[in-house]
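Structures given as structure tokens follow.
Here chain A shows up in two complexes: once beside chain B, once beside chain C.
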Partner chain A sequence: MIAVIGLIIGAAVGLFLEPTVPTALQPYLPIAVVAALDALFGGLRALLDGNFDDRVFLVSFLSNVVVAALIVFLGDQLGVGTQLSTAVVVVLGIRIFSNAAAIRRHLFKA
Partner chain B sequence: MTSEQPTPEQPTPEQPTPEQPTPEQPTPDVPDVPDAGTAPAPAPAPAPAPAASTSRSWRAIGRALAPRATRAQVLAGLLCALLGFAIVVQVQQNRSDGLSSLRQDELVRILDEVTQRTEELEDQAVELRSQRAELATGSDTRRAAREAATERAAQQGILAGRLPAEGPGVELTIRDADRQVPALVLYNVLEELRNAGAEAVQINDLRVTASTYVVDTPDGVSVDGTLLEPPYRWRAIGDPEVIIPALNMPGGALAVVRGSGGESTVEARTTVTVDAVREVEPPQFATPVPAAEAG
Partner chain C sequence: MSLLNDVMYRPVDAGYAEAAARPVPVRTPAARTRRATAHLVVAVALGLVTASAVASLRTPEPVGTGARSLLQEQIADRTAEADALQATNEQLAAEVAQIQSDALASADPELFATLAELEVLSGSTGLEGSGLVLELTDAPVTDPDDVDPRRRVQDIDLQIVTNGLWAAGAEGIAINGQRLTGSSAIRGVGPAVLVDLVPLVSPYRIEVVGDAQAMQTAFARTTAANHLTTLTGNFEIGVSLRAGEVELPGGTTPTLRHAVVPGTGVAQSVAATSEEGTS
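Up next is the complex of A and B:
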């Protein structure tokens, strides 16, 4: 419940403040968001599996974000930024789908 | 608020409550806690009790949704707040300006597209401009034709007596109280006016045109079927310097008038108004010769 409230509060703050993303961070924010979504679904699945751990959740959340941004940054430096960000999004999307499938199996047995 | 150790009466989600000892509950001898994001599917629901497992999962969700001030809840709330903030910011950024977040090659591609589109639009603009010029020329031509037609109609209206006219000219008055001046003499005066270049002529209230005739009747002189009452007031538009000498020529029109018993005075006017008009009937038998044959 607190997580849902936090999500709503964060969205409201974002809507209210309308901050501008610094130019340096602009290529990495979307990737970071996708990585954080992946961590969120992973945490939900771990909760249903019964082995949720807040420390692991925190670390996985932050490391997912940082690693995803780092990969894209590296790709930008190497000149393959577009392709690498596509790759990261594809991988994270597959993981989100598999986590969502596991959650679905937990909740609906289907 | 954030307690380091979960209070015993508020079990954290990863510590199933003791009164629900389900068989598929994860055993404590799991060697390592899997990464929350990368937890492999541990075949969560063995076959024996799928319904019990489902209800347990729902209960886990319910427990997680129950607001409790545990460290896990607060942490998840914080991270979710961060995620919601980031999502909203990114969505707004993406919506507000698409260009600043794009990469160089994408920008180059967009620039190419825009350049190409600009060229297409410029070609289109040139084409439309030439069309507009053509249309403007066409409308100019039509307007010129209409003006010419209007002018011609005015000229021919004056010549045919259909329109009133004004301009420099003369006023000629022939007094003939005894009606001694015959029609032939008046017709001579009219011919003299025409010879001297009078463009529009009026006798009393009658417009004189190309088909005007002057005849003697038992009651007096008739012009175009209307009996003319003396004195005869002529108004003629033309050059007075030409008309007056022509009328006053020795042995000319006015001399004949005097010889037949009339008196005449002629005066030049800077503005003479010929305001009598005549209805022109369209020709009944004559039609214009077609242009091709005429040429």
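Up next is the complex of A and C:
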């Protein structure tokens, strides 16, 4: 639970301070945010399943963001940046969708 | 297609299930606090990064820049186009003048002489000869934030000076290469002065063709000379006057204008405008 509280505090601070992101990192932001969303939905589902774990949540969040950014970076270097971005977005999108479906089943029993 | 199956049916990280299955290790309170602190720090950092990423992604693109560069491009294009057309125009005008003089000189020498004289008076041909060069320069700017417009050369100054020069017997005048004709206008727009809608900036070089000595004497007696003294004395506007050989370009190609007596029925459409002018 402490991870969720920390995340909320960090987000509030970030929204309040609005730090500028270095321009070199700008291209990886959209994918990183999608990956973070995926981790968030995964965590929420785990919470509803009753097996939420702070450590697993944080590690999956961090690794999701880093790996997504890394894939886009590699793709950019190899000249297939847009295609790889699309692939990552598709996979993460499907995961978010199925997690959202599981959460819906939990909440509404439907 | 185990990958797709994994993605579709087990989207939650397997880590959650594994962590739940693992037996809970017994930790001392100190170790638990350390763990919680580490979790909190990492979570705050991740939240901060994500929130700032979202915030920077939501920052709207400055829409002005694209439109601005487009406009700049268009301005450059159109200016180049206008310059090219101007050059073509001048070339064609020279051709027309050449053909006109060739045809007329042999057919009617008297009419040709009259035409040449009128062309000089109307300023439609270039002039070359002895004359005066009068240069007006804006006063030096001491404080860029507080510029007194009176310290700049203004349209009224140029108007007074050129009127004085005409009165002193000038045969032709050009300001920064813009020939003054009977229909020329000198107007001020911001820091620039428009002569026949062409924006000019300081220094303003007024070139005059005429009898240099006689003009200098006559000009000194006009009110324009007094005006120049005021400009130099009060507003530090630079004025220099010297005699020398000058060459004036031709003015804009004259357009034919008709004037008719109202009611005679000749050139009705033009009569309407001339009536307005005379009434």
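In this section, the second predicted complex is superposed on the first by the 90 of 110 C-alpha atoms of A that agree within 3 Å, B and C clash if a C-alpha of one lies under 4 Å from a C-alpha of the other, contacts with A are read in each partner's own complex, and residues count from 1 in each chain.
Keep this in mind: a residue touches a chain if its C-beta (ideal position, glycine included) is under 8 Å from a C-beta of that chain, and two chains touch if they have at least 3 such contacts.
Not measured: the values here are computed from a predicted model.
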**Asked** Can A:Ala3 be said to touch chain B (first), chain C (second), both, or neither?
**Response** both
**Asked** Between chain B (first) and chain C (second), which does A:Ala32 come into contact with in this model arrangement: first, second, both, or neither?
**Response** both
**Prompt:** After lining up the shared chain so the two structures overlap, which partner does A:Ile94 touch, if you call chain B first and chain C second: first, second, both or neither?
**Reply:** second
**Request:** Pick one for A:Val13: touches chain B only (first), chain C only (second), both, or neither.
**Result:** both
**Complete:** Both chain B and chain C touch chain A at residues 2-11, 13-15, 18-21, 26, 29-30, 32-33, 36, 42, 45-46, 49-54, 56, 58-61, 95, 98, 102
**Request:** State the interface residues of chain A toward chain B in the complex, per the touch definition above.
**Result:** 1-11, 13-15, 18-21, 23, 26-27, 29-30, 32-33, 36-43, 45-54, 56-61, 64, 76, 81-82, 95, 98, 102, 105-109
**Asked** In the complex formed with chain A, which residues of chain C make contact?
**Response** 7-9, 11-13, 15-17, 19-20, 35-36, 39-57
**Complex contact set, residues of chain A against chain C** = 2-15, 17-21, 26, 29-30, 32-33, 36, 42, 45-46, 49-56, 58-62, 65, 91, 94-96, 98-99, 102
**Message:** Residue numbers of chain B touching chain A in their complex, please.
**Reply:** 12-14, 16, 25-26, 30, 33-39, 41-42, 44-45, 50-51, 53-54, 57-58, 60-61, 64-68, 70-90, 92-94, 100-101, 103, 105-106
